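Multiple structures follow.
In the two complexes below, subunit A is the common chain; its partner is subunit B in one and subunit C in the other.
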Partner chain A sequence: MKKRLIKLTLLIFFICLAVTSFAQQQRFPKPEFETGYVQPPTQQPLPRALFLEYLDVIVLIGALILVSWFLLKKRSRQGVLWTSVFSLLYFGFYREGCICAIGSIQNVALAIFDPTYTLPLTALLFFLIPLITALFAGRTFCAGVCPLGAIQDLVAFKPIELPRWLQKVLGLIPYVYLSLAVLYAATRSEFLICRYDPFVGFFRFDGTFQMLLLGGLFLLVGVFVARPYCRFFCPYGVLLGWMSSFSKKHVTITPSTCIQCKLCSNSCPFGAIEEPLLEEGKRRSNVNRLMTYLILIPIWMGIGGLSGSMLHGTLAKFNKTVYLAEMLVQNPDIRFNQENIDARTFMQKGKTMDELVVDAQKIKSQFYWGGWIAGAFMGLVVGLVLVNLSSYRRRNDYEPDRTNCLSCGRCVDYCPVK
Partner chain B sequence: MKKRTLINIILIVSALAIAFIIGRDFVVNRQGKQLENPYELDLKQFAQVNPEEILYAETKAIQLNINEAYALSIFSDTMYVVADSTLLLVNQEGQILKSFQLSVPATAIAVNQSIWLALKNRIINLNKDGDVLKEWADLGPRSVLTSLAVDDQSVFAADAGNRVVYQFSKLGELKQKLGERDEQKGLEGFTVPSPYFDVALSEDGFLWAVNPGTHSLINFNVDGSLRTYWSKSSANTAGFSGCCNPAHMCIATQDKFITSEKGIVRVKVYDQHGEYQGVVAAPDQFDEYSLAPDVCVDNQGRIVLLDFNRKQIRFFEAKNKEL
Partner chain C sequence: MKKDKQQNSRTSRREFIQKSMRLSMGIGLAAVGGLVAFRVHADDTVWQLDPFKCVACGRCADYCVMTPSAVKCVHAFDLCGYCDLCGGYLKPNANARSTAAENQLCPTSAIRRKFVEEPYFEYEIEEKLCIGCGICVEGCTAFGNGSLHLQVRHNVCVNCNECSIARVCPADAFQRVPTSQPYLIKGEWTKDQDKKKQSPTG
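== the complex of A and B ==
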């Protein structure tokens, strides 16, 4: 009876898929020249039926629940691994890396700053659901649902441990990336995260040479430095880390008493297990140092904000309107250059130079204030990192660093206490 | 130890390469910077024509002293050229025999015993002295007449705006609309993305109309049903390419089709079944960014082109006189 039900469900599922593929056929197919013309790779796959987008959300929720269950209840690394393989196949190769929780940051940022942009519900859900899950169960999204993480996890054959200081320095890159991604999305300039997704070319079996090379390099690094993109680039990892810090339930290394065998620490390829810690030095001087760093936070923010605002001119040059305006102001003759596709498009729009300059100034102003906010944010991050380094928290056992732990479950597997 | 050093080197080189690729791409391929159009199809390769396929040679060109040319028709030994706001009657030597002032530039012309002109959305009939004989009611603001064809009983007018061919009696009475979507008649309707929509009559009096959006020519029965059609969609020399081609067309003896294309500007000849015969004028015989020339055939079997860019009437004769 159960088997029949499963078969019936699968049958309905595949019929739905088939019906959708008919419904989305283009009325006019792509022009087919008898010429060997090849369509260049695009950033986004073709749109699909709404109910299939909701199906993606359901799969996301299902996968998150499954991974959380494997980690928190079953304590099974194997379960997490196989779920991540499924996610790689579904969200990676089948969904071609889009829709993606990492990229949804930009949709949300754009929706906040641009009232004319309608945020797709599925994009919002992909943004929120992993964050909410992290608040309850840690970074289970990174563990077994993110296809970018999964593809890197599969090549982590010979992970080495990076020096702590290097991890801390490289760990600042995701914050810079997050700031820039939000800044560029909010100013309607660019979706940076999508543009530099290193694995999307593999997922679509299509991509420019340099993007495939970029993906290949990340995988090569990933052989020795586990999940380099997740740890040192992923902007969504920043948000997940914050949520995970406050997670209600997080994967624990041992189900009962830690015997301090250190096997877990050696097994973690991400250096995300904190060793037992006793306070060093004099307490008063430690407190004084902490207070100094706390007081310095506003100064860091001010320095960061000022630096960000000073960079606004350079950052704004990467906005196409600003770039076009500056180019045409400096070389007005380019307007009539038929070979220049941007100038030709501008002329065909019928806009005046004055209107273009006003638009560009408006965008530069947005970059100015955005630069302040992004810089202040980076200053805050630097300040908090210093505070974190100088603050003392007594630890008696080996514990996962909730912010940076990707909840992969390797340590669970290695723990001899069952 | 050596192994670890090797790994470190690999990691440092890879990290630098990642930083270089991202940084370089961000700066070089910045938004709005003029880039190569990734979707561009290089048409230059299709502008090359095998010299053996060129069946005609240019024998004469008449330079017109005009600003803008619009349409050409030939009747008897006289060429009728619509240019600026005038109608010029030009003989074979290029002498202007007569010149008639028009209220607005005409968009199409057909000539038999009298002269038929389309003035965007209405048709007027002149005698050979330029007197207006008839002036029919306009066909509405949407109408854009781009071609006329006349026989003893009817005037056919191609309307690119309404995507239909009108058949009028000589008195201006609308007999029928040809080419509207009608499954009973086997017609899927015209696809006319731009105002290039030509019609011509075959030797036995059946109407042929270009369906430019589908790169085909359609032949109608007297009752407006589909008689036959042929289609050649390809960027190669033997076919038609782009949004809307052929832009102009006429029918020569033995029901050969002479077609003129825009985009890759070229004039070609097809037999009565639509089989590609060869090239009349290759792309390199026109100016860069040229418009598709209007085409006609004169009494001597020469193919006559109205070159809108050079403002010339150009004559092409078959290299092999048997053609």
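== the complex of A and C ==
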């Protein structure tokens, strides 16, 4: 009798061990205490209050209005500078870099493509408000509200002028970054922009080594090449540039008439001031060249789309599911490797290989079509850059290049005309 | 006179293009806003991990942007068996059931063992010491009731736009939850679930 009992308990014990599922199992019921023991509550410290998140939106609007007023009405570089210092302290060091308008691109992209995702209103507002402001006042967000811009602006001690061709070529990177960020967000793979945010480690006084290294490099380069992240990486800057190109108002270098003294051009650390330009060569041949480049745009888009779709295998490898599926298909033995956490968890979940492969195929096909779209977009960008380079736009005075001007207001200070 | 006219027509053409492009940009923004409008929620979201999906792999300790991790072990006292031989507190080959460091499973001694009455002990987490490695969680779930489990602690979490642990979580246990209900604590949460099951209106 006793032996049977022991056998039974042993059996139960082994069954318990075999069921490694982590479901709730009350193996040992809660005892009934006799000494009047009071069970302590499980503490649940609350997250940041919701009204504070909306306060961030109000601060954003306030800072945008303030910077726009300083630039357009007061024409004061000092004002812009101090607002940007405030934004660095508030959105950077106090809010620790999250929430930011740059990252909100991905939330919006995810909300468009993922029906299960609920988009917080604050994220949508952080995405839209700076863009709407740019539509009316230019890139005032870059000038004095973005904490990433502010930290770089403060270290731009010895800006050198980059050759124009290099600026144009490097200026294509943000478009690539933007299309990749949207592609990865839309396929629910990851948030690229947040992962490679260079300054968030500084804002938190904490971060991985790579993060701090990347941030340090950007700041170091930023001493000589002013605001490198903003000009050559920032994907949100692309959208702001589009808005700013057609903005209702924009900061002007001179309050009245330009005397062509060239001082402003020297003052701009971003190479965003365009010199007076008259049409060169014959009008006829210029128009012909412009037409050729316009006709070439669909070809660029085709080439881009094709290469984007061909890259989809490589791009999809950064997706967790695709990576796991490919690893397990190539080396089926890994499935029984207890050291490999991903493989072990996959086996525990009880999903079959076929299901995993089907899931991975689905994601891969999303990457295929996404690759087409992203590639075609890049082709369009290249085509339009070429069109822009080949078309002459008559300018009599020194004017800010509305797309790339960060509205910092340095030229305003340097203009001798009062 | 003619030149003046040409100049005028050129500037007005430019202005027209500028205006219509501005309008289309505005329409584009409105379209994006409209497209996501029915997904928008006034409540914010925070990251939380589902303890029933969690496999206690230990990545929470390594991949959080905060050091130590914002993921900590929490104890659902409701579920605890108050065992003397605790699979989450003692090493499997412990030579005594005591609080001696050599017997403790926790690498940072973040679990406090308190005598309640014979033969029961209470286990409490010292969150300042906890690094979220999940070793105790694994022990408790394998040998006990699973009352020890991991949770994102919102007094430490900075609520990154994309949680860097979520990206590497092998069990996909991380999810965005509304700020108004920021925890999925095992005992209480399952109680709520049961309540919901019993009365779908409540």
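In this section, the second predicted complex is superposed on the first by the 371 of 418 C-alpha atoms of A that agree within 3 Å, B and C clash if a C-alpha of one lies under 4 Å from a C-alpha of the other, contacts with A are read in each partner's own complex, and residues count from 1 in each chain.
Keep in mind that, in the parts below, a residue touches a chain if its C-beta (ideal position, glycine included) is under 8 Å from a C-beta of that chain, and two chains touch if they have at least 3 such contacts.
For clarity, every value in this text was computed on a predicted model and none was experimentally measured.
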First, second, both or neither for A:F224, with subunit B first and subunit C second: first
Partner chain(s) touched by A:L50 [first = subunit B, second = subunit C, both, neither]: second
First (subunit B), second (subunit C), both or neither touched by A:M243: second
Touching partner for A:L277 - first (subunit B), second (subunit C), both, neither: neither
Touched partner set for A:K320, first subunit B, second subunit C, both or neither: both
Which superposed partner A:I341 touches (first subunit B, second subunit C, both, neither): both
First (subunit B), second (subunit C), both or neither touched by A:I112: second
First (subunit B), second (subunit C), both or neither touched by A:P40: both
Which of subunit B and subunit C A:G207 touches, first, second, both or neither: second
Winner by number of subunit A residues touched, once subunit B and subunit C are compared: C
Overlapping contact positions on subunit A, where the subunit C interface meets the subunit B interface: 33-35, 37, 39-40, 190, 320, 341-342
Partner subunit A, residues of subunit C touching it in the complex: 10, 18, 21-22, 25-26, 29, 32-33, 35-36, 39-46, 51-59, 65-67, 74-83, 116-117, 120, 122, 124, 127, 141-142, 144-146, 153-155, 157-162, 164, 167-168, 170-171, 176, 179-180, 182-183, 185-188, 190
Subunit A - residues contacting subunit C, complex: 17, 20, 22-31, 33-35, 37, 39-48, 50, 53, 96, 98-100, 103-104, 106-108, 111-112, 115, 117-122, 124, 128, 131-132, 135, 190-191, 194-195, 200, 204, 206-208, 242-243, 245-248, 320, 341-342, 344-346, 348-349, 394
Subunit A residues within the subunit B interface of the complex: 33-35, 37, 39-40, 158, 160, 189-190, 196, 210, 213-214, 217-218, 220-221, 224-225, 317-324, 340-343
Residue numbers on subunit B that touch subunit A, as the complex places them: 4, 7, 10-11, 14-15, 17-18, 21-22, 25-26, 30-35, 37-39, 41, 45-46, 234-236, 239, 241
